[in-house]
Structure formats: structure tokens, C-alpha cells
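So, here come the structures, one by one.
Both complexes below contain chain A, partnered by chain B and then by chain C.
On to the complex of A and B.
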């Protein structure tokens, strides 16, 4: 370690001048401080110039935005190991930020669909967009990972609001907590009010004109009505956005799960409860329709959000199916691809600088060529390859 | 008869005596399926470059070479000791599982050491923390390798545990075996990779159960030094 630090300080030999068989030439490192990082930590200001650079998200912001989910688990634990959350600014996120900056908010909402193979960086692009939305003053409706609502449902009860639908009390309460953490201070500032009376039971009524925070609190305290509260809340937010009281950004990861043919909930007669039988599905499908304005809808479709038999293709038409595609059509498709050369180099430099990629030989040109080949510049594969060494 | 068949026939006594008469039987691997002149393959690119430079490669052009092993490769991450260790961890031929366990172990070693690194405040403290899991693994094995071993020798009706010298291979084998057995101990709430990480870091710092086992063996050898001459009868 000591030897390496001294070498790093004395021999700032650039990558281009290293030789292939490294026995005789000292190991070359690419410790160039500024190439793979950027100081711009406000995503509103991210532009094409920031591409392939890492920007850091401070702890309080991370807790506020992603405490309820949104970052892939392995990436989150890696960021904790590497002493700080940094996300790479990449083309899909830059494209989205550009579009969101230039949106005509009087027109009906535009739907953006991020697609690509599993492990290519869709969730992190969405996380970047969530951070942007929060910095730009949008009210965030962020569903971190939809399959969690259908594949791993803890309890599903028949709905108190709608006869043939099902509730997910525990997941609903969790999501309300996530929503209030993300948007707490903004809602307080905006002072949005309900436009209807909601009767939950004989004694529990949310009157017209009461603040939305009351609705959220009711849902947090009474799990039985949490799902109903979410439906009401999303309805109110849609109305508020259309009447220019707030600007809404809907971000949903794993959207194709709403159209999946499987869930883990089975009725007494052994028939499966489909995702379309849940009340939350209806609420979010209504929100992702383009019958409102003053907002945007950013959605991702992932093969891993479907059961294993339905992961043949990463393309939106296949994953959404006929109903899903017709629901979202017309949308703006944005492909998230593997790393290009610049992004790959930047990622390796980041791993080296954070002392994650330890093997001296892996830092040479030869090593990087090998990593590039064996990972195929696929972000997740690269992360797994680099992890043990 | 095929070339591989020719190379793999067990050498008869006549063949040994006629081909390399001066060398004794003991100096050759008696169970190897290859004839003595068949060379080990060289995988390492740097070594190959050296052979070409020094002219050795020309001499090897027409010498037959043993078949390639599945796990040997020219990857920058290839480490001989790690490969051996993975083979010893493997059970029922589940190589992929064994490799994943050891690699997870290395990742955990890095995580633990990086946590210490980022907590350290001064450069001096940071310089002392070793972060490379392969270096830690090598040092840990070194610290766990015994210098002597005990062998049972029967003299006058009783069996004595006699300290005898140990070969490098045997010492390395014992170190790895003890490490693996320690990681497989009962109460498996902590899984193999985490235990491996903790044991490796402990052994690197010359503490922990595996180093203790080596030291106990040394103590036993010391206690039985009176019987050392039994080795020769």
C-alpha cells in the first residue's frame, strides 16, 4: 500500500504511454483527478459536457430521496463501502433532463419510457431524474420498484373502497412514508387542499378543503385505508397539477410489472390475483394516462420485472404487452445502453480512485482491455467482475 | 495409438531405466499419467515473453505439452494460490459455487478494510491498512503455515508423535485446510464468505483461530522434541 502511494505521487505516467507486457515497466495508473468527476451536484445544471462524469449526492439528500428505495441494493451497499454516493451522468439522464427543462407544461403530459437489458443502468438514470425533479421543484410521485408490490406482497386484503379490487395495506403505508419524506417540505409550502370529501367509515371523514397532509397522515396511521388514501392522494395531485397549483413528476421503475400475468397472492379457491386486480394499479395507470398537464411521466421497463418465462426481450412492446403498450402509446422511448469507451474508462478510474479495484495488474492497459472484453462494457457485469479484486 | 495415449502410458520399469537411467524412481511423480519429457504449460504472458526473449521458446517448439487445465488462464486476476484454494473449498465438483464463495470472501475483506481506511484520519494510518485481498490472503497463508509437523512412529509397542520437517506443499496444504475447516465450523448463522473474510484478516494480523492452531502444533512439536531421533530408528 505504501509502495503504491509513493509510486502514485512520483510517477504520474499517463495511460497512453504504458506498454503491454508490464514486467519491466512500472505499473501505470490513471489517477487523473478531474476527468471522471464533476463538482456540479445540482442535476438541474447537468448538460452534455458532464457526460461520463460522476457527481456526488450528499447524505441528507440521499436519505430524503432514497430512504424508501430507488437505488439498486448492490449499488447502495457499494456506495456505502466507497464512502459516498456518486452517480455517473450518462446520456439517457441528460436527454431526459433536457426534455424536462424544455417541456411545454400546458400540453398534455409526455410519457418517457427507459428501456434496456437488465443491469444496464435504468434504475440509476431514474434516480438521477428523481434528484433532478426534487431540485427543480417538482412534486415527486416515485415508485421505486413495482414488482415489490406484486411479487412479494405481504398481505393483500379485499379493498374497502372498491368491491372487486385488492388492497396492499403494508406496501401502501410504506409508500406513503416514502412520499411524505420525499415531498414533505414542498407540500407544506404549496398548501394543497382536497377537492372532495372522503368518507372512510362512520367516524373517519376527510372533509373537502382539508390539507393533503391530513390525507397522508390518515393513511400512515390507518393501514386499512392506506391504499384508499393513495388513490385519493394521486387523484388530488393530478387535479392540482392540471389547475396549475403544483408541478408533478411521476417516476416509476419496473412499469411493465403492472401488466405481468403473475403475482404471489392466491385466493382461497387457488386462483391467482393478477396485478390488474389491485387498486394501486388502477391509481397509477390513471396517473400515467395523458389526460392531464403540467407534469411529466418517466417510466422504465425491465425484463427482470417480469416472471422468468417472460424475459425474452428488453423492448417495450414485448414487456408491456398489448394493453400496456396501448395505455402508454404515444411515448418517447429512450434506450439505455452499455458503457461506451469514455464511460467505461471513467468507471474504472472511479473504482481505482476509491481503492475498490485493487489488483495492480488490472490497472494497466492490458487489464482494462481484459475487463472491457469480459464484461462487454455491461455496467452490472463490470461491477461484479471488479468486486472481488 | 494416439499421441495422447503415447504420452500417457505409465512408464514401465524398463522404460525408466533405459530413458533416464541416472535419475531414481523417487525423483519422478510415479502416478502421473504423462511421460517424464512432457512439459508443463506456461500460461503467464510475461513468462512467455521471457521465454521468447531468452531463446528457450525455440527449444520448446517440438516438445509435447500437458493438456490445458480448465481453471488456468491468462487473466490479470489469475492467482495460483487462489485457484488452489478454490479447488480445496470445492465439494462435489461445484466449482462455480466454490469460486463465488471465495470471491465473495475477497469482496468482504475489501469492504472491511475500506471501512477502516475511510475512518482513518491521518495519511500514516491509511498507509498501514492493507486493502488488496490477494496480498492479505498470501500473508495470511504464510502466517498459518506450520514449520514442523508430527508423524506417528511405532517404537516398542507404543506410538509416539514425532516432529519431522515439513515440505512447502504440505505446509501450504495444512494452512488452507485449517482455514477452510475453521470457516465451516458449527453455528452457520454467519456464512462462509463472511467467516473467510474475518479469518483472513485475523490471520494477516497474526491472530485468530487458525494461527492459534499452527502455534499449538508448534508447541506440541516442541514438547515432543525428545522423540525427534525416532525418525531414524
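On to the complex of A and C.
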């Protein structure tokens, strides 16, 4: 936690005071001479040919999709320093886009699980998929980082909707805001309506047939009912998708946190509240079940989403545990690996072009070999190796 | 009075020699100022007239000490020889051909010691090796020194310099003769000093049996250097080589292991190295793609940047980064120690894959030397090895 905070601050300082900053080299759409870039900024069209190339995401799109999270913090700071968010098109994302393009939306939803060591590029692949979903007209249910809901809960209250379960009012409101930013225009266009009446209290009722935006607004204004609103919202969306009113894409990062044995919430009698005791868990687990159609579920499992004792293996069966595995089974596992030679070269070229790697040795084969072996071609390690601090 | 005379007579009868010394003590001499008195005394002690006349107490005690030391050394030597014979009998060997090496073996066998310092363990050596050498008597009974340069207080040192000057003159004379005969171009075989170096100050001191200051030693070496550069210095080769010692050849120190071949006919070597309580065994396989495996994991086994760079350093130095595979297993306390041991092992293995020039460059870079640094122990009365508790003035 401390380490990434420091990097954030220092990268911001670097950006202000560096004289050979990347701001002097603007990113334009028409750069085609670079082998490591591609012009194709619509992820719907990304194919194998775009492999190991960077495509840029414009600022308004970035604000819309990732304001509530979704990009790793350090990567976001770095993209601000390097004057533009560029994501490398890699095999896992291309595979997912291919599957999503070819999905039979009448069949029950398929679950895709991205797995790999920490720092290998799963979150960025998911971000790519989120951008794809938005471009392809999916309604996005995007949970940027699940452990944030359980490891760093600000307030947990007993649920108003369900006895024995817990609410997370602040996190719920944040997420509703994120959802409405991502999908606002689409919901407005689709005009989805509720199919049930939701009674929140004596005076607050959401009648049947009211627009979903009303439900969202209620959640945004009334933190007490926000979690309940999310449950209702997800339920409605599932129903809407099944009845072909909209197409739903569920993207969850750090899914194994739902099955983690720890959270930071402790009751008065010192017993721990497990993630399975939270209402939001139920809502999302219901959504990731394959009892609906006209959508897709893309999920990632990461060792860092679990407490340190449970990070032995990056594989899905270990991280999900018995309950999680049975919940998600059958799923399509997609491994995210370290950079291959082409991707690594591309990353280095990008850094050199953005003036992030300034030593002349970085352009030589020897220098690149040194970087390659010292980082082990691990994406996160390379980013840290090359960082000024 | 009678009693006093009796004492005197008793004295004179029993301690004759002592009385003569007593009589010739300076106190006694100077107390009787008149020459008549002195001569009358001399006349009384006829039998020891000239020898004992001018010996002072200091000289006397010096002679005694020298004698005692000589006797002591003789006694020690005698005991050493007898001891050797005893040992030989005990070990069942022939006493006639029992060497010092055999003596050492016997002592190690009969008196096994767990002490750390070799100098603290039991030993039996020739007295010359144990007891420091002393100079023989430097002046005679009359107090006249034997050596003409005695009053320089370092006669052997200045004698050596004097000898050098004399030899210099001789070589110059020889050179003159050669020039006169017209054969100056015939170069005498050159004095080959490569692979040797001047002896240290301690060695010179032990030979001369005199302590030297640093400036005296450097003066000596400069003179010898000048002497060795003379055209005909080879004539005094033996003299010069007395003051030079052989330097150990580098090639004798480290032997490069041979390349072995594995099942797929790829060349490989193995090496085990230590650093600071950790050890590692590394196998470097040629014709590789640059795979690095440490205890089954890749280079990210080490979390710190400096550790990863240490592993890469020998490979990068020899430009072997993508050309060999490295399979390492390491154990022991501490990341730094493990990393250091792996690095040394990789460098040692790479010697088989590179040319001699690169090996020399590696040696100069310090890649091939064992790092002997260990954690220094904490001392009582201090919180750490060097750190002291807060000093309070009162």
C-alpha cells in the first residue's frame, strides 16, 4: 500500500519537473510508422494482427469507463506521465474479444476466468474487455477490484433488506456512481423498467415499471438503501438480458475475494464477518451464475486478492476454493503469461519513444537483454525496474 | 676486629674469583684515587691481571646473558633431538630418517587439538624456529666491538649497504674493462627478474637481526633496484636473488574445470560456491536460450532489484545473456548471501565458456574471488559489533 502511494506522488512530481517529458511528444492517431502502435482504437475490431501493439484510449472514454476504477493505480499514473492511456493488445484480450464476438447469446452465459501470477496483466486485459463491451453496446456491470469491498471496508451495517447479511453503504454508492457513469447513455437509450415493486421504507417505494435510472438515483441519494438498490438493479438487469431487452457484460477483477476467509470487519463479539456474509456477494454471485443468457461473464482470479497466507498458487482451483470452483464450474480458463519476445520489444520501444527509457544503452540489443533478464519479462517487474524510484 | 678478619679470610679462601672481581669494581677503583693504591692492588692479584682489569659490571652481565642463552639453546636443541627420537620410537618409524614433517604428523596424532588458531596448537619444532635469533657477542671481553660499524648501532644494515657500494664499484670496473677491450656491445645475459619481487621489510629484519625504519628499508630497496639495473648485474645474480622472492603464478591458483556433456549432448559445468553462511550449486548449460531457474522458480525468486542484477551481472559481463541456461539451487540464511553465492558459482562456471582474456577481465572485475566477509560478532558491553552505547560525560 505504502509503496504504490509513494510511486503515485513521485510520478506526478516527475511529470511536473522533467524537462524531456513525454508531453513534448504528443500522441496522435495517425502514428502508423511505429511497429508497436496501432491505429485501431475500437477494440471490437482488434484481431490477432494487432497483437503486441499499443492502442490509445482517448481521454473522454477513459473518464467514462475508468473513473470509478479498473486501471491499476501505478499504470494510471504512468499513463498520465506518458501523455495518454495506451494499452497493449495481447493474446488473452484478443482471445476474449474473439469469443465474445462469436458468442451464441441464446445459450446460457459463458464464464471466462483470467488467471496468472500477480502483475502479469490480468487487470489491463479486463480493462481492454471493458472498453470492448462499451464499444460493442453491452451494458457493463464492472467491479474494478473486489478486495476493496472486503479488505478496506469503511462502514459495514446490518442489512435493511436481508437479516443476517451486511451492507456496505459507502462502497455501494461508489459503485452505483461508477455504473451510471459507464452505462448512463446506454440506459437512457434502452429505457429499461423495473419488473417489481421495491419497498425501502414507509415512504420510499420504487414502483413496478419505473425506469432503472430511478432505482440508481435512489441508491445514490440514500446510502442506507444503496446495497439493496444494487441487488435490485442486478436482478433487473439479469431479467432484462434474459428477455432480450439488453445485452449484459459482467466484468469482475479479483473474483476469488468473494471466497476469501478474511475481511476487515469485526463484530462486537470479535468474530469476523466473512465475505460470504455480505449482501453484495450474494448479488454478484447470483449474476455470475449461468442461469441467464444474452450476456457474458469475464472474471479474474489473482493471488493478491487473497490474504498473504493463501497466495501459494495462481491457479483458479486453488484460489477459488471448493465453493468458488463449484460456483463457476464450468468456465473457460484463459492464462495470462509474461511478455513474449515480441511483446517485450514492443513495450521497450514504447518506453523509448515516450522518452521514459532515456539511456542510449536501452536502444542496443545488450541493454534490452539486460532489461529482459533482470525483469524476467514480467510486465509489472519491468515497469518497476524502469521507474525512476 | 678478629671476627671481621675471619670473615675476610673466609671470603678470600672460598670465593677467590669473586674477590678478584670485587677488587676490580669501579667503585673500588675510584675510591682509591692514588695510583700507588691501584698498582698495589694489581700487584696483589697477579693471576688475573690483564683480563679482568677493565671489565665493567654491564659487560659482565652481558657476557653472562649471552652464555646463558647459548647454553639454553644448546639444551633445547638436545631435548628436541631426543624428543624426535622418542616420537619416532612411539610411531614405529626409523629415528634416523624422521623428518620435521613426520614430527608434525606425530604431534597431530598424539595431541589432537580443537583449537582454532594453528599457532595455539601443540607443536615441536627446531629451537631456531621457535626462539628468536639473537646476535652473537658483539664485543669482546675488553669491550672492543668486533664489527667495525658497531657504533652505527645497525652494523649489519650499513655493512650490507657498504657491500653494495663495493660491488657497484666492481661492476663498474668490469664494465670499463669490457669497454677497453672493445666488447661493450656483447650484452651479458640479462638478469631476469620477472615473477619475483623484493622481500618485505620483516624478512630483511629477520636476516639482519636488526630492526629498520621504513625509510631505511626503502633506501635499501632503492639501492638494490639501482644495482639490479646495472648492465652487468647478472654477475651478482646470487647476491640479488637473496633479496627477491617468487610471486605465485595466477594460473596455478585457479584450475578451470572441464566441460561435461549431458544426455542431449549439450556442454555444461557445475560449481558450488559459498557466501556468508549460504551456499549454492549452479549448473550452466551451453547452447541455451537464457533460461534462469533458481530453486525451481524464475529470476523473480529474488524480490529485490539488486539481487536480480547480481545474478545477471556475470552473464552480462561475458555477453552470455541469451546463450546459456542457468539452473541454480541455493540454501542458507539470507537473500544477500544466497545471491552472492549464486553469482560466484555462475562466474566460475562461465570460465569454461569464454576465452582467457574474458577470464582475466572477470578476475579483475572481482567476479572470480570468494568474498570472505562475514558478520562481525557482537561484543559484550556494546549493543552491536561496532556500535557503542550512548556516551555520557558524567
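By our rule, the second predicted complex is superposed on the first by the 355 of 389 C-alpha atoms of A that agree within 3 Å, B and C clash if a C-alpha of one lies under 4 Å from a C-alpha of the other, contacts with A are read in each partner's own complex, and residues count from 1 in each chain.
Note that in this section contacts are C-beta pairs under 8 Å (C-beta built on N, C-alpha and C of every residue); 3 or more make two chains touch, one makes a residue touch a chain.
Quantities reported herein were computed from a predicted structural model and do not represent experimental measurements.
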Legend entry - Partner chain(s) touched by A:356 [first = chain B, second = chain C, both, neither]: first
Inset, instruction - Go through the superposed model and pick first if A:323 touches only chain B, second if only chain C, both, or neither. - result: neither
Legend entry - chain B versus chain C as contact partner of A:197, first or second or both or neither: neither
Inset, instruction - Classify the contacts of A:58 with the two partner chains as first (chain B alone), second (chain C alone), both, or neither. - result: neither
Inset, instruction - Using the touch definition from the top, say if A:370 reaches chain B (first), chain C (second), both or neither. - result: both
Inset, instruction - Tell me which partner A:82 touches in the superposition: chain B (first), chain C (second), both or neither. - result: first
Legend entry - Touching partner for A:387 - first (chain B), second (chain C), both, neither: first
Inset, instruction - Compare chain B and chain C by how many residues of chain A each one touches, and report the one with more. - result: B
Inset, instruction - Please indicate which partner A:101 is in contact with in the superposed arrangement: first for chain B, second for chain C, both, or neither. - result: neither
Inset, instruction - Considering only touches as defined above, state whether A:45 meets chain B (first), chain C (second), both or neither. - result: neither
Inset, instruction - Kindly list the residues of chain A that each of chain B and chain C touches, one partner per complex. - result: 366, 370, 374
Legend entry - Touch list for chain C against partner chain A, complex: 290, 292, 298-300, 305, 308-309, 312, 315-316, 319, 321-322
Legend entry - Footprint of chain A on chain B - complex, ascending: 45-46, 49-50, 75-77, 102-104, 106-107, 110-111, 114-115, 117-118, 126-134
Legend entry - chain B-touching residues of chain A, taken from the complex the two chains share: 1-2, 5, 21-23, 81-83, 355-356, 358-359, 361-362, 364, 366-367, 370, 374, 387-389
Legend entry - In the complex with chain C, residue positions of chain A that touch it: 366, 369-370, 373-376, 378, 381, 384-385
